[in-house]
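My structure is below; once you've seen it, I'll send some questions.
The first chain written gets the first letter, and so on, giving A, B, C, D, E and F; residue counts start at 1 in each chain.
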Amino acid sequence: MNFWVELLISSLLLLGGLFVLVGSIGLIRLKDLYVRLHAPTKATTLGLGGILVGSMVYMSHQYGHLTIHELLITLFLVITAPVTAHILAKVALHHEVTMMKRTRNQRHVTTARMQLPPEEQEKQ
Amino acid sequence: MLEWSMIAVGVMLCVALVLNLWRLLIGPHVVDRILALDTMYINSIALILLYGMYSGTQLYFEAALLIAMLGFVSSVAFGKYLLRGDIIE
Amino acid sequence: MSLFWIPVLLLIGVFVPLITERFGRTACAFFTMLAPALALTQIATLLPEVLSGQTITESLAWIPAVGLTLSLRLDGLAIMFAMLILGIGLLIILYARYYLSDKDAMGRFYAYLILFMTAMLSIVLSNNLLQLWMAWEVTSISSFLLIGFWSSKSESRKGARMALTVTGAGGLALLAGLLIIADIVGSYDLGTVLASGNMIREHAMYPVALILVLLGAFTKSAQFPFHFWLPHAMAAPTPVSAYLHSATMVKAGIFLLARMYPVLAGTELWFLTVSLTGLATLLLGAYVALFKHDLKGLLAYSTISHLGLITLLLGMDTKLAAVAAVFHIMNHAIFKASLFMAAGIIDHESGSRDMRKLNGLWRYMPYTATLAMVAAASMAGIPLLNGFLSKEMFFAETLHQVALGSLSWMIPVLATLGGIFSVAYSLRFIHDVFFNGEPIDIPKTPHEPPRYMKIPVEILVTLCLLVGIFPSFMIGSLLQAASSSVLDGQLPEYSLSIWHGFNLPLLMSFIAMTGGLLVYAYRSRLYRFQSQFRETDAKLIFEGAVQALVRQATALHEWMANGSLQRYVALLLVLTLIMTASPLMELNSAAGHLPLQDVNGIEITAAILLCISALATVILHRQRMVALITLSVVGLIVSITFARFSAPDLALTQLAVEVVTVILLMLALFFLPQKTKNESSPRRVVRDLGIAAACGGVIATINYAIITRPFESISEFFLANSKTGGGGTNVVNVILVDFRGFDTLGEITVLGIAALGIFKLIARMRLAMPSADEKGRPWSEDRHPLILAMISQSLLPLALLVSAYIFLRGHNMPGGGFIAGLITSVALIQQYIAHGVDWIKPRIKVDYQWLIASGVLIAALTGAGSWLFGKPFLTSWFDYFDIPWIGEIELASAILFDLGVYLTVVGATLLILANLGKLTTRYRPTVEE
Amino acid sequence: MSMHLAVLPILLPLFGGLFMLLPPFSGPENYQRRRFAALLLMVLQISCSVGLMLQVMQQGPTFYALGNWQAPFGIVLFADRLSMLLVVLNGILGLGATLYAFAGVDREGKYFHPLLQFQLMGINGAFLTGDLFNLFVFFEVLLIASYALLIHGGGKQKTLANVHYVILNLIGSSLFLFALGTLYGTTGTLNIADMALRIAQLSAGEQVIAKAGGLLLLIVFGLKAAMLPLHFWLPRTYAAASAPVAALFAIMTKVGIYGIFRVYTVIFGEQAGELANMVQPWIWPLAFLTIIVGSIGALASPNLRHLSANLVVISVGTLLIAFALRTPQATAAGLFYLVHSTLVTGALFLIADMVGQQRGKALDWFVMARKVSQPALLGILFFVGAMTVAGLPPFSGFIGKLVVLQSAHSAAEILWIWPIILIAGLITIIALSRAGTTMFWRYTGEGDRSQVQRVSRWQVSAVILLLLGSPLMVIFGAVVTDYTTAAATELHQLQGLFEVMNLQEATK
Amino acid sequence: MNLRSRWLPMPFHSLLLLVVWLMLNGSVSLGHIILGSVLAICIPLICAPLQVPQPRIVRPFRAFRYVLMVLGDIVVANIQVALLVVGPMRRIKPGFVAVPLDLDTTLPITVLASTVTMTPGTVSAEVTKDRKWLYVHVLDMPEDEQQIINLIKQRYEAAIKEIFAC
Amino acid sequence: MEALYVFCVGMLTFCGIFLCLRGRTFPVVLGLTLLSYAVNLFLFSSGRLQLDGAAILGISDSYTDPLPQALVLTAIVIGFAMIAFVVILAMRARADLGNDFVDGREPPDADQAIKPTRGKV
């Protein structure tokens, strides 16, 4: 295999792996649920993207023709990951999950979980 | 080089999976666990792709695709459950 | 075929009363009598032949494998019994016509009676041991029905049950005994058996066989200690008592003793058992009879006593005793039947059977009284009556006994004692009922019965007299023939004359008579003495015993089957453990010879993930939602494992199934408690941990033992023929839709049925919907989050496309109808989750039930399609077609089959999930049809 | 079609059940059409089965290679006298249940007739298949159908009984798969006959593993057959089920019994070397205990349905004894007993229901209640059923008992078997006489005749259909015993089986 | 109802499906194009009843640019998140903001919410019932929260409005 | 590898069986699910464990045993149907019996250990 191709694939993979790992580390390290929500939705998704591209390159190289069906997984992920995060955030709001004390604008939680505009609270 | 990097990525993915499991077990909130599960789905997609590359086969692509599709449905269902109790209403 | 006519006639006769009942009582009785009368005529025509010493046999093959032949035998003993049965039977029918009241179901009564008559006749005519036993049991049954005839009375029901139980038990013992005898002889043919006496007596199993047969005989003939049922059988209408429980059925036991006499008698064991039993019964019956205030009770115990007497005679070691026994069978039948009928008349015309109330009836019914008194005198053994003759013979024979060694003198003494009581109770019957002052508040004013009711009694009493006075003339030849069959032709010298001169038996008779008079005269003292003992009611004891048995059984049963599933499961597992562990201990080493494969970090990680999340599921199972999440992890790892070990199809299937399962569990969880407390005691937990760990260990051991050993499998065939024979390169899929397509057809049938069953479960479900979650927090008001709905809508076409892709490639690459079906289902479920039933219901107008049915139907019809080509069901077809511009494409019947699978899966999954969802909506499935 | 006769007992109910789910048969308003279809199907199914039975009797055992793949690679159906006997029996029972349901049970819930058909399909499949995994599949078909049928009509009792029944059977199914994995993992085949050939050639260690698999399988069959201590589910389940369902269930235990007879005579039979007859030592004590516990249960039964269910347990014990005796004679005896006991216990469940209909709230409980309104009819039916099941002549029970007793030969066998069977018979008599006298003879008043429901002619005809076997098996006893003897001989003659399937060549 | 909207209710979808089909099969042979086209026409027809009409993409090229921009944002900003995650936790200053929305139809809102979630540092947590506000959780909130609001509104919402012309 | 594999199978069996022995329906269902995983893995491994040998003709030199895979597929589907049934049955039991105990009533020995002995009144 061509060294440069190998290098390209390797770096894509390693980068992807790294992001995946970071996402999971974030899942452990970050201190509250809302914050934790950021790590896997983004880092992990991106990391997976890296691995997918790596795989695409690898397979295309291996089989001698362009293999792009990995893109499909990416497509799915890009469509679904935000929705998952959104739903989980909704649940967190609904359940009034405790958050870091220094979280700003905590007042929004009350209105957000009722799906009400923020002004209403300010009026009261 | 490629083989070594694959092994390295494998190790990373394993560590990531174990970390996910760790979060899944400690919670503290159910949403944390669902999040951990969802992350696990994505990480296992990575693992399967890696395995496909490692053994030079495309046989496992559909499995990865399926995890992407079904993992989403399952996470959403969990979420809906926590929101409404009744997931099909 | 002349013999066969007899039981056949009677069998037809069973239905005659049921049909003729509508023509009136007299007509019914008349028609009922036809069959026995004809049978008796038939017997009569055969009488000369039999009396000349011949044995008539006829047989017809029936079930040779069992040894059951329809085989009849008419010899002296049989003809004697047959005449008694039919003769007395006819009289009973006539009598019963007047005895039964308008309210009684006469047809049914007669039908039972004739049924009994058939059975009884079949016993005595039987030439096959099994056939004999069959008839024997039918007599028990018909007796049960007749005793319980007045079924609304408690005593009838209890008496009937007790009789059935005791005689039924005896019948089973008898069966065992007969089977042993047949096993020894090698034949069920009575003739063969009777000719093999020595062989049987010398066989090691002889004692067992003897005891079993005696148990049968003794229970039927109410011998001590099985006598207790007979008095309670008197709850039956009096004709029944007269017929079954005195003249005939109870004699079946005696008949059996007589019948088997040539085979079983002649040993110490026989003499001791039979004679002592007879003696005990004789004494006990005679003694107790004296104290019975109930007229029928007295007669019942008297019957017991006389049966004991006959048994004693059969148990004596002389041939003459056997002759006396046969003689007494006849005599007893005649006088006892008449006495019962008389007692019935008294009961019928006075409304009471209590001898303390019945007094001085002589003035009201002198004619009946005369008849009864003659019969009672015969029972007491007064000269010039038949009873006297056989009793004299009996006394004579007691003097010759040596069975008890130096104690043998006791036999005549005790026999005389029995005689004393016999005279005493007979006296009581006469004096206490017909004289002894005036009746004390009896319900009716007694009077003579209708003319025809007396006829049977008259005939029998006349017979008593005639036999008593002209014994040789009347029954000499019959007795000879009968005795000859019992004794296998070796008849002793005997004389039937009334007068044998002054001898010891006469003295004994004299003692018995005077003693009886004295006992009766001083009876009041005896009554006082007897009253010290608490009277035991056998019925109560028996019922008590049965109820105690039932109670014990219930307690034991409840202790065992305590309704605890946990226990049943534990038992199942423990038995599994014992059974599987035992062979494993024979295995030297679990490890086989296959080289072990290396393990890498990813695999170890996966194993850790799997084990920990499985354990977490166990530990956290009381937090149900969390347990579901950990369960999902297990499912995920399992599917990755399948992928790892070269099973992509499995991985895909497992993934899809797992998600649907979890969604299903979540739907259910909504209606179940979310969290529960720890409810298991530590002991229970330790026990369960033990069982579970042992099971896990055993399974793992077996698994290890298997996968470390080489084996030769039929799979090479599939790999070799998948492409050429099945037209696909995905061998797993070809196996599923072709090689083992039948399994798959069954599998989708299971899925379809499950969906139907679940629909049934849901249809009547009434569940309260929790309005808040476990923490009491009301549900979010956002039923269908906007973004979710939007995304689901966009994903649907994509998911369907993937589903089509997976479906179409299945034959050659991982995939197939099942997985495709699940993907489609999940995509649609996703729509349900996002939009809700209300929204979907009008938009998807597919009847999921039809979808299931047509799915399975398509698969099955695809299979049946091969019939058109003369091939077996499910034979597949495929071919390649070269199409211009496009190239080669493959068409295969397997695709159609897989389409069936696909539709079934979609239909089943959605039928389940959608209807489950509807539970909380206005589309709630309701009670249907 | 005659060439495909072997698969029809499975396909007819399948197609029938499916058509009943589709228009024009589906829908609440079309129940008359479904009934007609069900009746037609049963008649067809019985005709096909009898046809195949006659063919088997004339031409010997036959097999049907599904998908045209020869044994041991494809799934084969195997029809011999044994399987055909059970298939025909199943058809008769199914017809009885169908007829009985016409009286109204089939309208107490959805899908009655289709489910009944599916259950028949599963049972027939289990009897006909020559493949162990296919046997598992058909077990599941019949089980899932029975789960669904068990809740037909609804009610707490049914639900609770179903919970136990389903969970136990799910564990049982898991064990079945463990067993299959073990047997496949050692022998490398799934065809029963092929497995028999291969099992003898295994090394000692592999044989031990196969033995563990075989014993696991025994648990599975034992659970279906309600062998002690796996029988606890039965009384409650059968007593809770709707009458026609319970009647059909009478054959469900026999599926387990059939499995035991087939598998342990063929795979672990005489030719299996070290493993020959390995389950007999386990069966003996369990069979005895099954009879004893069944008898205790019979005494303890508070109503006729429970009593009948416990009689089923006793019959299972008796059949296990017949199996444990190992000889063809004993097998023949067992088969006779099996047919007789299945029909009569099936009938008893129906009778219990009919009696229950006429006794008000007391149903078939052994308590004083109002008089049944048709005492003669029900009394006779009960009486015949009771006599039959108690083994009293002149009905088939006594021959059933007799043949089993006769097949015990050695003194030890006699010493154990006879007392147990005879005493169980006595207990049956006691229990049934108590039952009968209480239900028919002990009543308060005549009851209000106007409001009493008379049993329908469908119900009566169903009961008569099932009870008819009782006298017929006596009258034509020779025919039946000839058949069972031949069936038993055939079962024990493995060489014939191998030849029919051309197995030795295939494996070579 | 004209022929096109009857037989090709969602042309964009259909095209996407065809592309995906070819991707899945990794082939552009005539056979696959025909099969893919059939599916691409059939599946939307099947799905049609389950689709709620949405505004069409009026400016596909703008949409394409938008996608590229978002992808770029994802990559760039992910690195920031990664650094935050591995760095000291005290640096993280989370907070909520409420973003006023100009969009009011489902699809554009969804696209915006998804974009917000995918781009680093923000997760869209809730849309108000009146669809006028989007609540966003911010991982690392700048001192002036208006900065975030402006970013979302100008960089993303404006583009989306253009794409859907609403 | 083999040892690790069977350890996992044993562990799943252990967990499944333990849950099957619980007194409420939901854990039993969980247990049955776990047990079915164990069963499927067990049955699957009866064709021995092989890497890189998927039974797709033309992709490698050696193939794994396809038959157990087909069997497991059937078993998975049937298991799914059964689990689905038992889940809904558990719901039905809750509806009909008012609780979710497998016996329809609280087991007599429940809470023995956990309930603190009541203080004297």
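Throughout what follows, a contact is a pair of C-beta atoms (placed from the backbone, for glycine too) under 8 Å apart; a residue touches a chain by one contact, two chains touch by 3 or more.
In this text, all values refer to a predicted model and were calculated from it rather than measured experimentally.
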Separation of chain F from chain E in steps, with touching chains one step apart: 2
Neighbouring chains shared between chain A and chain C, ordered by label: B, E
Reference chain C; chain at largest CA-centroid distance: E
Chain occupying the middle, per Cα centroid: D
Of C-F and B-F, whichever chain pair has more C-beta contact pairs: C-F
Most distant chain from chain D by Cα centroid: E
Computed distance of Cα centres, chain C from chain B, in Å: 61
Gap in Å, rounded to a whole number, between the CA centres of chain E and chain B: 23
Chain centre separation (chain C, chain E; CA means) in Å: 75
Approximate Å spacing (C-alpha centroids) for the pair chain A, chain F: 33
Numbers and ranges of chain E residues touching at least 2 other chains: 20, 24, 113-114, 124, 127
Of all residues in chain C, the ones touching two or more other chains: 563, 565, 569, 573, 628, 644, 648, 669, 699, 703, 706-707, 711, 713-715, 718, 739-740, 743, 747, 750, 753-754, 757, 761, 780, 782, 785, 787-788, 791, 795, 798, 802, 813-814, 916
Touching two or more other chains - residue numbers and ranges from chain D: 133, 137, 140, 144, 147-148, 151, 163-164, 167, 171, 178, 181-182, 184-185, 190
All pairs of touching chains, each written as two labels joined by a dash: A-B, A-C, A-E, B-C, B-F, C-D, C-E, C-F, D-F
Chain D residues within the chain F interface of the complex: 133, 137, 140, 144, 147-148, 151, 155-156, 159-160, 162-164, 166-167, 170-171, 173-174, 177-178, 180-182, 184-185, 190
Interface residues, chain A side, partner chain E - complex: 18-19, 22-23, 25-26, 29-32, 34-35, 37-39, 41-43, 45-46, 65-69, 71-72, 75, 78-79, 81-83, 85-86, 89-90, 92-93, 99-100, 102-106, 108-109, 111-113, 115-118
Chain D-facing residues of chain C, complex: 61-68, 130, 133-135, 137-138, 140-141, 144, 148, 151-152, 154, 156-157, 160-161, 164-165, 168-169, 172-173, 175-176, 179-180, 205, 546, 549-550, 553-554, 556-558, 560-561, 563, 565, 567-569, 571-573, 575-576, 579-580, 582-584, 586-588, 592, 699, 702-703, 705-707, 709, 711-715, 717-718, 721, 725, 738-743, 745-747, 749-750, 753-754, 756-757, 759-761, 763-764, 849-850, 852-854, 856-857, 860, 864, 866-867, 870-876, 927-929
Touching residues (chain side chain A, partner chain C) in the complex: 75-76, 79-80, 83, 86-87, 90, 94-95, 113-115
Chain D to chain C touching residues, read off their complex: 3-4, 7, 11, 14-15, 18-19, 21-23, 26, 28, 31, 64-69, 72-75, 107-111, 114-115, 118, 121, 125, 133-134, 137-138, 140-141, 144-145, 147-148, 151-152, 154, 163-164, 167-168, 171-172, 175, 178, 181-182, 184-190, 194, 205-206, 208-209, 211-213, 215-216, 218-219, 222-223, 229-230, 232-233, 235-236, 282, 293, 296-297, 299-300, 332, 387, 392-394, 398-399, 402-403, 405-406, 411, 414, 418, 422-423, 425-426, 429-430, 433-434, 437, 440-443, 477-478, 481-482, 485
